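Below is one structure, written out as structure tokens, with a few remarks after it.
The chains carry the letters A, B, C and D, assigned in the order they are written, with residues numbered from 1 in each.
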Amino acid sequence: MTEIKGICPIIATPFLENGEVDYESLENLVKSLLLGGCHAVTLFGIAGEYYKLTDEERKKMVAVTVKAAKTVGGKTIISVTDHATEVAVKSAKMFEEMGADCLMMLPPFFLKPGAAYLYEHMKAIGNAVKIPVMAQYAPEQTGVAIAPDVFVRLQKECPNIIYYKIECKPAGPYVTNLMKLTDGKMKIFVGNAGFQFIECSDRGAIGAMPGCSMYDVYLDMYRKYAEGDRQGAIEVHNRLLPMLNHIRQNVEQIISFEKRILARRGIIKTAYCRKPSYDTDAYFDKIFDEFYAEMAERYGW
Amino acid sequence: MTEIKGICPIIATPFLENGEVDYESLENLVKSLLLGGCHAVTLFGIAGEYYKLTDEERKKMVAVTVKAAKTVGGKTIISVTDHATEVAVKSAKMFEEMGADCLMMLPPFFLKPGAAYLYEHMKAIGNAVKIPVMAQYAPEQTGVAIAPDVFVRLQKECPNIIYYKIECKPAGPYVTNLMKLTDGKMKIFVGNAGFQFIECSDRGAIGAMPGCSMYDVYLDMYRKYAEGDRQGAIEVHNRLLPMLNHIRQNVEQIISFEKRILARRGIIKTAYCRKPSYDTDAYFDKIFDEFYAEMAERYGW
Amino acid sequence: MTEIKGICPIIATPFLENGEVDYESLENLVKSLLLGGCHAVTLFGIAGEYYKLTDEERKKMVAVTVKAAKTVGGKTIISVTDHATEVAVKSAKMFEEMGADCLMMLPPFFLKPGAAYLYEHMKAIGNAVKIPVMAQYAPEQTGVAIAPDVFVRLQKECPNIIYYKIECKPAGPYVTNLMKLTDGKMKIFVGNAGFQFIECSDRGAIGAMPGCSMYDVYLDMYRKYAEGDRQGAIEVHNRLLPMLNHIRQNVEQIISFEKRILARRGIIKTAYCRKPSYDTDAYFDKIFDEFYAEMAERYGW
Amino acid sequence: MTEIKGICPIIATPFLENGEVDYESLENLVKSLLLGGCHAVTLFGIAGEYYKLTDEERKKMVAVTVKAAKTVGGKTIISVTDHATEVAVKSAKMFEEMGADCLMMLPPFFLKPGAAYLYEHMKAIGNAVKIPVMAQYAPEQTGVAIAPDVFVRLQKECPNIIYYKIECKPAGPYVTNLMKLTDGKMKIFVGNAGFQFIECSDRGAIGAMPGCSMYDVYLDMYRKYAEGDRQGAIEVHNRLLPMLNHIRQNVEQIISFEKRILARRGIIKTAYCRKPSYDTDAYFDKIFDEFYAEMAERYGW
């Protein structure tokens, strides 16, 4: 079974200025990330504005992403975000057939379904496919808390639900709890823009799924940590924090500024976001530009 | 322009036991409601499980609903529930072209967009079509509060955004506030299962959009009220309350029991709900059956 | 150990028109409820506006309540609402020394403490006293969900934490779950204005803790149910529902109208509520008056 | 009227190991902060665990704080946190009589009071005293959003409600909006641990109210910014971020670690927090210690 670890960024959804999905930029983005060293790319994370896409667009985006990834020999993780279990299972099967290497699944959250339904939803997706599956826990965004035992039961009872992306706040104790309850067997990814990358790596996380615009910074941090240069990783992390602290004050804000970075780096054509989005202003942009200049110089953007 | 008033229930989405949409039952349901006297039918309300449907299913359901309604000379209200403004505008145009008499729109709520974005979203939908449009305000379900002035501005600046479905709690003062701020010109519908039908009608509401399974009870209440028999309407309302109080303890619960009523009345084939849904038990069912028996006898179900 | 069951209403906090606590009305209210047949009275429920009182006022209110209850041979339940465990333990001991027959405890909720802290908080209160203790579960008001196993563990490990007031929505399945997990040993009270009194009694609840203004109606319902006249109880419940449905659209609203009923019945001097409260209007009052007239006639108010 | 600006940290509430308030440490803390250059000290912020204190403790803490501050010629801001307007007004008057230089007020949030009540609450406090008053806007912690016009109206109609502590997320646009709506007259303080100190200062904020344990770092940053060395301020801010990012993953966590810093610096006796608090672990502590060592060396702790 395909193994996933390392930096697997969330693919931003590029749009043209007319609001249509920009599949050409998507292709270029996928290739850039994988050729740039990313261990996999992840389609339809929250940072990918999945909730602003039609079913048809999502299908076409999967095709483009999988093809682009295969062209450059990279791996894809595709997220199943449908609310209804019946629909999610069909999407899961379709994404597998279309060539995804791994699935992610965001449990349904509208009207706050109970734990039993969330468990059954995720289990049904896992059972529907043969490829590995990752469960996403993002209570800050969804408003739905899930007790660790739901994930522990999934890990024990569903052989292919292997990976867990944990982005509650604070994530650390939750991660350590999951590790304890599974005798260290759970394979955990850091979410939430990697704000707690060092802490969660210390606790046993095997990778991170941040936004994609500064993938090279995350790769730098990950490699240093993986090679035992923890202090070097901390230094990279510390230099990244001012930018993250500035552009990640809310979710639509970081989505918007990730795209601005990607566009400025020439990886996608425009920074267009579908509405509702985030309105910036001159005060905000000034600091963004200052931090961008610093990062750009250091990483040769 | 088509005028909407009266009882315009939310169409339940009938499923077959295999989880597929049951278009045959949908057709029968639409006809039954309209032939039964409903002033219009509303597709894709929250009670219609719209969030469990694919884009393709929704499109086919619109076609079936519009055709069935036209066959019996009735009106349709179709809700635009897409999160992204760009996508919502396309859906709005498509629904208009497909023959909807009126649109409803549920403003986006994931990640809690700001008031300016909500206003622009609704305005864009209104501007995209020529048919009348209704704005839905359901903060209990969406978690997003909207100040009255957003709706007042819509009412003043967008000639075809005529109707407002108000289901905050308490709804009464909000309704009266809207009426004051628009010199009584706002056309308001009662939501929230009609729990405050009498109070909101006293305040000037012109109709209600409850679940569809007991449409004849709501029609009875509405007609009595409209004909000046307010006391008679209160009596109908009071007899309905025990059932509503029992089956509307949360949203998936009432969705599930509305369908059980529809199936028992022979209007749709099964009470199947896509997951996540609501698990009942014997205690709950016992009371439901008691109340059902009473209603069935009185209304000849 | 004192046994608690039946109708144990939440004492409203009477104020004078100048905003000071009206201890005279409090004394009269306590006596009226107990002489009227209430099985106990409960001080500092949410409906008692406990969060608007100073520590000193609360202490004096306990003294007045306990003395009034003892005068007429009735029982008191006093709620410990302090956020900090250290402070709550002191209040618990003080209330016991002052003569409370039973304590209630509202677990802390500000900043959403984790389950382990909530368990330790309640356990510490239980351990600090010898009288029986009741845990209150009111997630709708506090915003903090608590899993059933927290209460089950309390029931098993703390011999005097005997009673559980369950007012989540829906309460029924939660109640049945608690009963199953404790082999039917858990002693459960219905909260939430008794909206689900019949259902929860069917499930094994042994009493209810509604607001106090219509205590005689709740007693009527309870007695009929207890004597095996379930249908009679349902009829009382059905006649109560229109009033509850009208005045319990939000919490400050029912607090305000409970006091209006008490004042109109001559049990307390004024309906004054400390601010923030609820602003009524003529539309609302009209229906209230209609329902009041009906209840007053039936119950001889 | 006393003018407030600069760094006015929130006083941590020191406890003894037995859970009692440690007034001796409080006195030492207040003097240390003011002699260390803080422009004022703030009692009963959320970071001060105000919600874990009795009325009597709060009164004694005000006395100790005011006396200690006067001894060293410093200013005090005391927060009025009572839910009921009637009670809050009394506290406000008492704090003024006891010698506070300025009041802060946290608008009530339990049961989510409406905007009109929040306005009246704050206005009543302002009218009750002659000293300047600051309104705190902390929706992340309280769950209650307040529209800018409420604060603008207060600023215009209440001459002594001069200061506004803004800690929504993102704070920047809200701050700029307030400045625009008051022609730049509003005097705004940065909250939320100063995460957006630079951005909000660029937007016109005149000070910050962070936790107190690293007051010298905030003073360093503030002075550099005030003297025109914005780049120097950014550098200080960037070096502070790793620590803040680590210890401020939730509110009880930063409260707990602020005290650990204070105790390690010898300013208070113990790091004890009343329960519910935050449980740390070895992984967390390791990083904390690393960051502490760096800060300690740079600032001579």
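By our rule, contacts are C-beta pairs under 8 Å (C-beta built on N, C-alpha and C of every residue); 3 or more make two chains touch, one makes a residue touch a chain.
These figures come from a predicted structure and were not determined experimentally.
Chain centres here are Cα means. That of chain A falls 35 Å from that of chain D.
Separation between the centroids of chain A and chain C, computed from CA atoms only, is 47 Å. Residue numbers of chain D whose C-beta contacts span two or more other chains: 250, 279. Viewed as a contact network, the protein chains form a single closed ring in which every chain touches exactly two others. If you check each pair of chains against the touch rule, the ones that pass are A-B, A-D, B-C, C-D.
On chain C, the positions that touch chain B within their shared complex are 169-173, 176, 195-196, 198-199, 202-203, 234, 237-238, 241-242, 245-246, 249-250, 253, 279, 281, 283-284, 286-287, 290. Residues 19, 49, 51-56, 82-87, 108, 110-111, 113-114, 116-118, 120-121, 141, 143, 250-252, 274-277, 279 of chain D touch chain C in their complex.
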